[in-house]
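Supplied in structure tokens, the structure appears directly below.
Here the chain labels run A, B, C and D in written order, and each chain numbers its own residues starting at 1.
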Amino acid sequence: MSKGKVVLAYSGGLDTSCILVWLKEQGYDVITYLANIGQDEDFEAARKKAESLGAKKVFIEDLRTEFVEDFIWPAVQANAVYEDRYLLGTAVARPCIARRQVEIARREGAQYVSHGATGKGNDQIRFELTCYALYPEVKIIAPWRIPEFYNRFRGRTDLMEYAREHGIPVPVTPRAPWSMDANLMHISYESGILENPKSRAPADLYLMTKNPEDSPNVQDVLEIEFKKGVPVKVTNMNDGISKNTALDVFSYLNEIGGKHGVGRIDIVENRFIGMKSRGIYETPGGTVLLKAHLDIETFTMDKEVRRIKQGLGIKFSELVYNGFWYSPECNFLSVLKGQVYILGRESPKSLYNEELVSMDVQGDYDPCDASGFIRINAVRLREHHRLQGLSSTKQ
Amino acid sequence: MSKGKVVLAYSGGLDTSCILVWLKEQGYDVITYLANIGQDEDFEAARKKAESLGAKKVFIEDLRTEFVEDFIWPAVQANAVYEDRYLLGTAVARPCIARRQVEIARREGAQYVSHGATGKGNDQIRFELTCYALYPEVKIIAPWRIPEFYNRFRGRTDLMEYAREHGIPVPVTPRAPWSMDANLMHISYESGILENPKSRAPADLYLMTKNPEDSPNVQDVLEIEFKKGVPVKVTNMNDGISKNTALDVFSYLNEIGGKHGVGRIDIVENRFIGMKSRGIYETPGGTVLLKAHLDIETFTMDKEVRRIKQGLGIKFSELVYNGFWYSPECNFLSVLKGQVYILGRESPKSLYNEELVSMDVQGDYDPCDASGFIRINAVRLREHHRLQGLSSTKQ
Amino acid sequence: MSKGKVVLAYSGGLDTSCILVWLKEQGYDVITYLANIGQDEDFEAARKKAESLGAKKVFIEDLRTEFVEDFIWPAVQANAVYEDRYLLGTAVARPCIARRQVEIARREGAQYVSHGATGKGNDQIRFELTCYALYPEVKIIAPWRIPEFYNRFRGRTDLMEYAREHGIPVPVTPRAPWSMDANLMHISYESGILENPKSRAPADLYLMTKNPEDSPNVQDVLEIEFKKGVPVKVTNMNDGISKNTALDVFSYLNEIGGKHGVGRIDIVENRFIGMKSRGIYETPGGTVLLKAHLDIETFTMDKEVRRIKQGLGIKFSELVYNGFWYSPECNFLSVLKGQVYILGRESPKSLYNEELVSMDVQGDYDPCDASGFIRINAVRLREHHRLQGLSSTKQ
Amino acid sequence: MSKGKVVLAYSGGLDTSCILVWLKEQGYDVITYLANIGQDEDFEAARKKAESLGAKKVFIEDLRTEFVEDFIWPAVQANAVYEDRYLLGTAVARPCIARRQVEIARREGAQYVSHGATGKGNDQIRFELTCYALYPEVKIIAPWRIPEFYNRFRGRTDLMEYAREHGIPVPVTPRAPWSMDANLMHISYESGILENPKSRAPADLYLMTKNPEDSPNVQDVLEIEFKKGVPVKVTNMNDGISKNTALDVFSYLNEIGGKHGVGRIDIVENRFIGMKSRGIYETPGGTVLLKAHLDIETFTMDKEVRRIKQGLGIKFSELVYNGFWYSPECNFLSVLKGQVYILGRESPKSLYNEELVSMDVQGDYDPCDASGFIRINAVRLREHHRLQGLSSTKQ
């Protein structure tokens, strides 16, 4: 007698394979779901593995285009950066993955979803808040927070042993001494030897970007065309190569950015859960786009609107980091983003007033006005000085 | 019969030389003042030039150390960046220069100060707000905003002619087709051929940083020690070179940063006055420090304090850009900065809790807590979903 | 030979009557324009006066409905309050008046507009920024900032004398020892004897609200119905009286609020221009609506969306106070406001989850979740304590 | 064999009396602790009750003065208001109570603290975050979140029965159909019949304030003297009564405010936990002080400093509401508050510049300056208009 259906976010790795079998042991019908969001993976091997371990159904979904269009693009529009540095490559992937997971759960009549995220990280929150937001009645099985599970599997050795006992193929290549999360937008590296914030990352850790020391000395000059805050075309001025679909544009920027070692950071960040952790990220295409978008935005947007948007962008980034992609407040802030781009940018040069700014041309600007502007701005400052004088003589 | 004394911020160049003579013509006793804030200048030649043009007194002041300690360091503590990119190299120099200028004016009994800043720029505001804040009764002569002056000198040709008529030495080398402002912190380039935002900056424009294509392939590894948010020592791990005074530390970071082409930006920015302008900046040492300080700060500061400080830092940067260095609000925000660094950072590794964050160690953390945390955070989201359902069925 | 047409915002009073004649003297064709925004005024007398003083055309425009719908309603939606207390009754009226003024100027082919606002106040800015925003080529004549005007008219005596010389009817009743600005939304009182912040306002100053000591002891119970953040109907539960057009609703709230002495404030505020001034305001209907709207909003809006909107509302209020009603940033913020009201409020009681909040019913809420929520929120706090211990023992 | 000592926040009521006995049953040595923060209570009767129920020790602590000085005063300085209306009377009391509770726990060597707060409210969080912050190793027993407790006591009937079985005195007077929390600062009323947000509060609910309809028609005129943002003296100008200690000042303001029906609100608020709840509050003295402090602050503080402080005050209020009184960020924000009051306010009238603001006196202000100020502010607006024109003709 089954306890019901559970849709498990399955990676094909040791952890989620053990979870698959363990869920079966607990009496669930397990449906595995593996999202292709651009990571380097043998999806067919994963399918076979899941089937061989007893999955009732196996879903492998290519989400790359929707990942770029529905998740990376809004982050680009918002100049989303967490704590001044992290471009949120994992944080935007989680709601993308979970959205499809609950779609499948609803379609398959599954009451449960499950994932292999640990109990100390951000990803559990991002997964689950998305699930609760889009499928409020869902029940979530998070084995790494269930005492009977985590007390049984206290380390990798326990998993390996369980795997051997249950016919789960055990990885033969030794594991890197850190964990890694890869998608189209970035690769993140954390834990293991990286947990010591003083230890430098080994040079061969990076997979998406070349070591800047080894990158070519000849620049690639890219022309990126934006529409409504989103890149619609990239052209390499060196060789004329051009891309114009979301997925192609982003992949090409990854390629060129990676070739030049663009977008590596090594930081300590504050998890939602309240602790500090060290992470290393490489986000080549995203970094190029952040800089390009900041530039085109400052060029086209009114100064005060930009200030307001900047503050909201920081808020948006925190919300996304914390897992609130699907929330009324993110929704509210997103409306903003769309609103920003009211100016025709197809001919951006006309939006910048060379005559007004020119030092040599008077234009429609009377320099005398600045005198009044300054003196008026100084009214307050002079008052302040007057009062400080009063204070000090009085005391 | 003199109209009174005026302290003129004098650069030795054509513009302020003409202003010097013009002020004399108007009946003022002119005292020239030239601040050494690290720009490349023949100060003795400037002194002689001022004297030969009739300055009553000539002040040449070495402000380099106080520029670093009193102006650059607070900007580092605040992670001061204007509009996400500009590190404020000119904006922090202006109050430094003007502070001494009004000190001299007070000491010399001068009622007037004067400067050669144009009527469309930010610098006139930064100069004058500082002057009004520190010497509220001062009268300011800004020739480029006085119709009889700017109508007479409509272009460089007029200035050249006036110079020849009044024995002002005329520059013999052709002028660069842009204007430049240099100090210890950065060099900025704007106007002239740079006013067209599409035109690329010529490769030989940059003076402080090497072209990244020509920079060495071997990294310099620097260890920077901070105390109260300010660098107190830098050591090059490659060769053991070490610096430990404010001026030496900053100059050395400029040298190493410059060698590796660090800190170049080419941006469009919003002037206080409301117009957009294009500027190119190179800030090698400042860029190194910004990244280092962001890192040490995130490492040592509580997450929520950091969030509040981030918002205030953006406000602080706007204020400094707009010329409000000496204002009650900047003063108020500065108190903040001092407050930030309450944690002993001399042994920073102890401030990061490896056990707490470790994926392999349970530590003083119960993973089950996260379930409640997430579900509580989801209360609102599920309510939102419920209401949207109600709305749509009702309409 | 005329210098051109000028549209003068004309009040019928002594100041603008003198300005009318003075503008004629200067060689302009003067068109007067008087907006009816609910102030108590003999509009026909003003028309005749303007005609008799030589106005080429006289416009008297009833803007009351558009004042409520286009200006007061957005302020209600934004909970607009300046510096925690002032409900912006004058600030929202100025763009309303100036909008029509430039419409008339455009229609009549007038290059100039003029007004009688003083050079120290906020209103000059509010008028003129609206004019520049909606009619960027307009030329503005602000006599109180023109030396030949303000040096000639140094006080009321000079105006009276000029009036007598030029056949301008002089007011016969003595003037109140303060100035007053009245419209449908409020009456403000300032200057004169009120400039001393310690002096109490005389009891007979107030015109729109009864003295609370004299107000009836029996409450009026009002039921206000909102749609999209705007009141669409008010019903007095005591007597069944009901209103349902914008103008009627707002006027009725003024009547009932005024009867109970609602909405009087006596404050010191910070003008845009940088100085502090003392103002007394009575805003009966606006105060009722602010409280009602805050209530319905908290009731229907998601908590985090509300927080974001609250911050933006403060920004919006500052912008409106400062005269930036017609600006890209106010426009940007307005979009926000519209967005807020996505929840069906026609049946508001269903939007509040009694079961969820009830202390007696468990509902779909597991109290154990709170333990985890709290402990997770405490992770940071306990770390902070740990580090402070470290700091203090180390130092 | 005892499980250890637990310090129970004991009110003397039915709930915490049952918890006392239940904790004993579970094997703990129970120390009761009852804080006097100004509520109306028979403290001696509570002491006897606790002793008779088996408390090992009984602490009854008069915290009234420290409640005013250490908790209410900082809230006054911050103009602390949650969601525009709630003055945080309960939220500031909780850390005051819990601070002493953990002091006692440490002193008595108790590893545990316990409280009777429910699992759906804010108070559990406020209590526990304070405990964790000040005594990080503490263990907290929150019976209303422990399944074996809350499943046993599903309603008041279960508690009554348990009380009868265990010799706990049962209240004889019928309970009000709502719950109440009283302290020196306010009384709050919620739940029961108040949970329906449409039901009006009964007229006899209020205990601290008179019904406005019944309040006297003669005003009391109070003069309140502030030092460093805190009231140091209050004088009633009607009868000359004067108070000058923290506790006396605040109690007197409660008395006079209460007499005039000041400070009643009936609101829906957002709990930290994410749900909306309805609360009724009366805060007579706190309301008087909020208005007085806002006034003196605007009068004495620089405009821009005030703006920054306003934003931080909102943040501070959220933090206090959410239970983060003892947190690094509240600490950080508190520093701010102290900083605000740099101006000598003992002679406040000199801090307001009558000459500068006067409409009749020119003072040190040139009205022409305003022209430039306005035109400079309009640069951006006119550009915006130009671009919109471009956009619309292009589309």
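Note that in this section a residue touches a chain if its C-beta (ideal position, glycine included) is under 8 Å from a C-beta of that chain, and two chains touch if they have at least 3 such contacts.
Just so it is clear, the structure is predicted and the values come from calculations on it, not from any experiment.
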Pair joined by the larger number of C-beta contacts - A-C, A-B: A-B
From chain C, the most remote chain by mean C-alpha position: A
Geometric centre distance via CA averages, chain B-chain A, whole Å: 32
Between chain C and chain B, distance of the C-alpha-averaged centres to the nearest whole Å: 39
Chain A and chain C: spacing of chain centres that average the CA atoms, whole Å: 43
Contacts with two or more other chains, residues of chain B listed in rising order: 273-275, 302-304, 307, 311, 324, 327-328, 353, 356, 365, 368, 370-371, 373, 375-380, 382-384, 386
Complex interface listing, chain A residues touching chain B: 79, 83-85, 118-121, 124-125, 128-129, 132-134, 136, 142, 144-147, 150, 155, 179, 191-192, 195-198, 213-214, 217-219, 267-271, 273-278, 294-295, 298-299, 303, 306-307, 310-311, 314, 318, 323-324, 326-328, 349, 352-354, 356-360, 365, 367-368, 370-371, 373-375, 377-378, 380-382, 384-386
Contact footprint of chain D on chain A as seen in their complex: 302-304, 342-344, 346-347, 350-351, 353, 356, 364-366, 368-373, 375-377, 379-380, 382-384, 386-388, 390-391, 394-395
In the complex, chain A residues that touch chain C: 273-275, 302, 304-305, 307-309, 312, 315, 324, 327-329, 332-333, 335-336, 339-340, 376-380, 383
